[in-house]
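Below, each structure is written out as structure tokens.
One chain, chain A, appears in both complexes that follow, with chain B as partner in the first and chain C in the second.
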Partner chain A sequence: MHNNPSDLIIVDQLSKYYRVANKQPGFKGTLKHFFDRRSYDVPAVTNISFKISQGEVVGFLGANGAGKTTLLKMMCGLIHPSTGLVDVGGFSPQRRQTAFLKEITLVMGQKQQLIWDLPPMDSLYVNAAVYGLSDHEAKARINELADMLELGEELTRPVRKLSLGQRMKSEILAALLHKPSVLFLDEPTLGLDVNAQARVRSFLSEYNKRTGATILLTSHYMADITALCPRVICIHKGSLFYDGDLDSLANSLSPSREVKVELKNSCSSDQFEKYGEVQDLNDRFVCLLVSRDKLTDVVSNLLTDFDIIDLEIGDPPIEQLIGELFIKGDIN
Partner chain B sequence: MRIFGLSFKVIKTLLTTQYAYMLEYRIEIALWALSGVLPFIMFSLWSQNDVGNTFGLNDIGLARYFLSAFLVRQFSVVWVVFSFEEDSLSGRLSPYLLQPLHPLLRYVAAHLAEQATRLPFALAIAITFFVLNPSSFWLPSLPQLFLAYLSTHLAFSIAFLLQSLVAALCFWTEKSSALERLIFVPYLFLSGLLVPLSAFPSNVLKVAMLTPFPYLINFPARILSGMPVDIFNGFLAQFLWILILLPSVSILWKLGVKRYTAMGA
Partner chain C sequence: MKRYIKTIRLFWSTAFASQLEYQLNFLIELLAMLGTLLGSVFILSLFFTGGRQLGDWTWESALVIQGVYTFLDGLTNALLRPNLTEIVNYVREGTLDYVLLKPIDSQFWLSVKKFSFAGLPEIILGLSIVFWAATQSGTSFSFYLLSVFIISLFVGFVILYSVWFLIAASSIWFVKTWNATEVLRALLAAGRYPISAYPVILRFIFTLVLPVAFLTTFPAEAILGELQFNILFFGLILSSLFFIFSRFFWKFALKHYTSASS
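Up next, the complex of A and B:
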């Protein structure tokens, strides 16, 4: 792989296999498994390569079990790759050198590092000490991040008494206290309500702008990806099948565009069949799927042939496209 | 100032935070302290059967030994394998592995904080013991107290390293607490918790002294209770066991984390 000086993260031919026990169901299977335990290797990630530059925000997309979290865990050094290479800022993550650990952070939506029975502030002071921040630095940093995350007295309440959203924001504060330059975020908005999700997203966007930090994010919420990640990496069954910008992905996934028309008078479905695929027709409202190369002509003809009150052109929702893609397991 | 590569600030913050955490569970810790009364049960058993003389101890000596054994046990009890196993299986270990602090040091801090929390309960139990057995009351001399304190901490270090060795097997077996039972049984019999080691036949005693277990309870308890003890060889053995176990834990840990799969995270 040719390395560019601006490449912060280099992933080259990375693979990870997990050893899994093979047990047949039922009592006979249980006995057999007890006396003759057999296991086999399951590929979680297979020969993945890409590079990420300083300051990029990259979203990892994939269905459950696609391998995106395993990939993230290898990049942050939590697990060792089976084969291949990962380089993050000149460090080999799995060696977990102190200088590397001070530059990164990992936030997992479903896991917490805060001490459950104590207020978040206690955990924050532990982190400040562990990362070698002075009292003054720690206070300033806590205040700055608490402002950005809209956290106040929650920091002095026991973690167990906080709502999921408050807890997640406190987790993020704890994870960012040491000013990491690379953020690994695994489902950071998991389980949060819509408002809390939006606040976490706007915080991450602001954090990226202010600090120039590189953010790598996995999420099942397309809103996280569309709001934060100009670049996406799609993983399917452990392999990379798309790496590029989100708009191009949408284009390649859907060669058609959606044309929504509001008519003056109601029409029948067959009147529109020559213009494109009728997605929906409800009295005076029609939704057509029109191929991109015919779009200009179709719109022009529609305006000529019908009394139109309103016309709107858009892409099909990315959630729908990605969902279909994961079901099909292929990309056009 | 740095101790074991850690700044005083890190040590202070870890200990005070863990102490605050332990105080949240003060009733549980009081119950744990109470549950450690096995030495008193053994004292009651041996004294009623008047077998103390065969151990080379009269009733007062026996009472002092078992009270000392209780106190040493209170400040050397280790549960790292259970916490570690839970953290490893639930994925809580993952953020600890990505911080510039060895995860085992968090457990050390938790144990030391728990010991501080146990102190008033242990003292209350000791006072109750003296009220019920006034003839057994004694005050150790300051050098005796210092040596007992030192040997108890070394006993804790050995016990912690032994259990950490088993805990590190979590990276391979997932259920290493089951293996801890393999240590617990010899610990129970060879540490002096059930019976002073002087009760053992000389051949058994010779073999027992080659294991780390007598240095976990018997050695510190004998110092504290004022019984005759080979102080130099006792401390030498404690240091030697630490010298053997420390690199063993370090090597096993390094090999183990390579296998970590971050389950549940």
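Up next, the complex of A and C:
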């Protein structure tokens, strides 16, 4: 494998199998399981390869159980790979060397590290000590980040009395105290309301611009991905099936575009069938799916054939495309 | 090293602050501790009234053992129980991930994160009993005697810690460990009485298989000036082996850590 110096993260033919014991139901099964234990390997991630350059923001997409979290945890060194190689900034993550750990951070939306009964400030100073920051450095860093995250007196209120949004922002502050250059974010906006999500998103994008940190993110909210990640990596059933920019993902997922038309008079759906697939027809509003290569012809035909008040062309929502994809199972 | 000392200081000051956060609970904890102390004193008073001998120990020297036991029990309540019983939760809830990604030894973090101040009075009482009873039985304290006593106490504590940590570390596989705390408390409680008070077969087991003798009897012998040097030497080697094994076992366990899923 050729190593380009700009590649910060190299993942090469990475796989992870979990050993799972197979137990038949019932008492007989239990006995059999006790004396003759049969186990088999369940693949969580199979043969994934990609490279990520410094400063990139990459989104990991996939249904629940697709292997996103396992992949992320192998990259930050929590899970030992079964086969294959991970290299993050020249380090082998699973060795968890101090120099490596000082460069990375992990934020998990559904797990917290702040001490529940105390204000975030106390936990922040504990973290500062663990990372060997002086009180002076810690203070400056906390002020800087609190400013960016719009956190004020929340930092001196017990964590249990904070709202989920405030708590998540404090968690992010705690995770970034040591100026990590690689951020692993596992669903950082989980459970937040729309405003709080937007604030976390704008913070992350600002942080990326200011510090040039590399951000790897998984999320169930498509809005996170579309707002933050120019590049996405899609994982399906443990394998990689797409790695590239978000726009071409939409193209490859759906070869059609959406044409929305507002008519002067109401029409029936069979009048539109020759132009494209009718998605929706409601009195004077029609929504058509038209393949990309026919788009210009269809639009000019529509304009000559009907009395049209308004016409709008767009991509079908990516959320819907990916949702369909995960339901359907396989892309090709 | 400086970083570790500063970290411990912050761990314990936040632990103290957490405990003070619930005023009523803290008061109740103080009361419960007072109750425990009164209980220990009552049991001790039984030794006074009986005037009997346990094994070949006079009651004063048996009292020294009670003192060592009380001291270790206090240390258990202050340090071992709050930290080591928490390991299961770290594993089950997946917050162990955060600990493992800190640039600090994870065994260190898991072993000293908390400190329960309610254990302190028991520690002080234990030491007071040891010194009072040792004086009563005619010990003249010397620097050498005190050093041997401190070393043998340390040996006992390290063995207790290592065994406890080993069991707690196995939660990486079993997630919910069987109630290990109770087993270890029973082990420690077995050390309330001089080893020679037990039948020969138990004496053998408590010295070589489950090193209960090292927890209480040998430190007590040390302050009474009766500990043989080769036993102290053996204890040092044994406790080092236990400790090294606990570290090795932890590293081994982490290779099998799969992390709680999201």
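Here, the second predicted complex is superposed on the first by the 318 of 332 C-alpha atoms of A that agree within 3 Å, B and C clash if a C-alpha of one lies under 4 Å from a C-alpha of the other, contacts with A are read in each partner's own complex, and residues count from 1 in each chain.
Going forward, a contact is a pair of C-beta atoms (placed from the backbone, for glycine too) under 8 Å apart; a residue touches a chain by one contact, two chains touch by 3 or more.
Everything quoted here is computed from the prediction, not taken from an experiment.
The superposed arrangement places chain B and chain C in clashing positions on chain A.
Of the two partner chains, neither chain B nor chain C is touched by A:Leu216. In the superposition on chain A, A:Leu253 makes contact with neither chain B nor chain C. Applying the stated contact rule after C-alpha superposition, one finds that A:Leu8 touches neither chain B nor chain C. By the touch criterion defined above, A:Leu177 lies against neither chain B nor chain C after alignment on the C-alpha atoms of chain A.
By the document's definition of touching, both partners, chain B and chain C, reach A:Tyr125.
Of the two partner chains placed by superposition, A:Ile322 touches none, neither chain B nor chain C.
By the touch criterion stated above, A:Ala138 is placed in contact with neither chain B nor chain C. Shared contact residues of chain A, touching chain B in one structure and chain C in the other: 18, 73, 76-80, 96, 98, 101-102, 104-106, 108, 110-113, 115, 117-118, 122-123, 125-127, 129-132. The touching residues of chain B, counted against chain A in their complex, run 7, 9-10, 12-14, 17, 20-21, 24-25, 90-92, 94-101, 257-262, 264-265. Note for the complex: chain A touches chain B at residues 18, 73, 76-80, 94, 96, 98, 101-102, 104-106, 108, 110-113, 115, 117-118, 122-123, 125-132, 175.
Interface residues of chain A, counted against chain C in their complex, comprise 18, 69, 73, 76-80, 96, 98, 101-102, 104-106, 108, 110-113, 115, 117-118, 122-123, 125-127, 129-132, 158, 186-187. Partner chain A is touched in their complex by these residues of chain C: 3, 6-7, 9-11, 14, 17-18, 21-22, 93-95, 97-98, 100-104, 109, 255, 257-259, 261-262.
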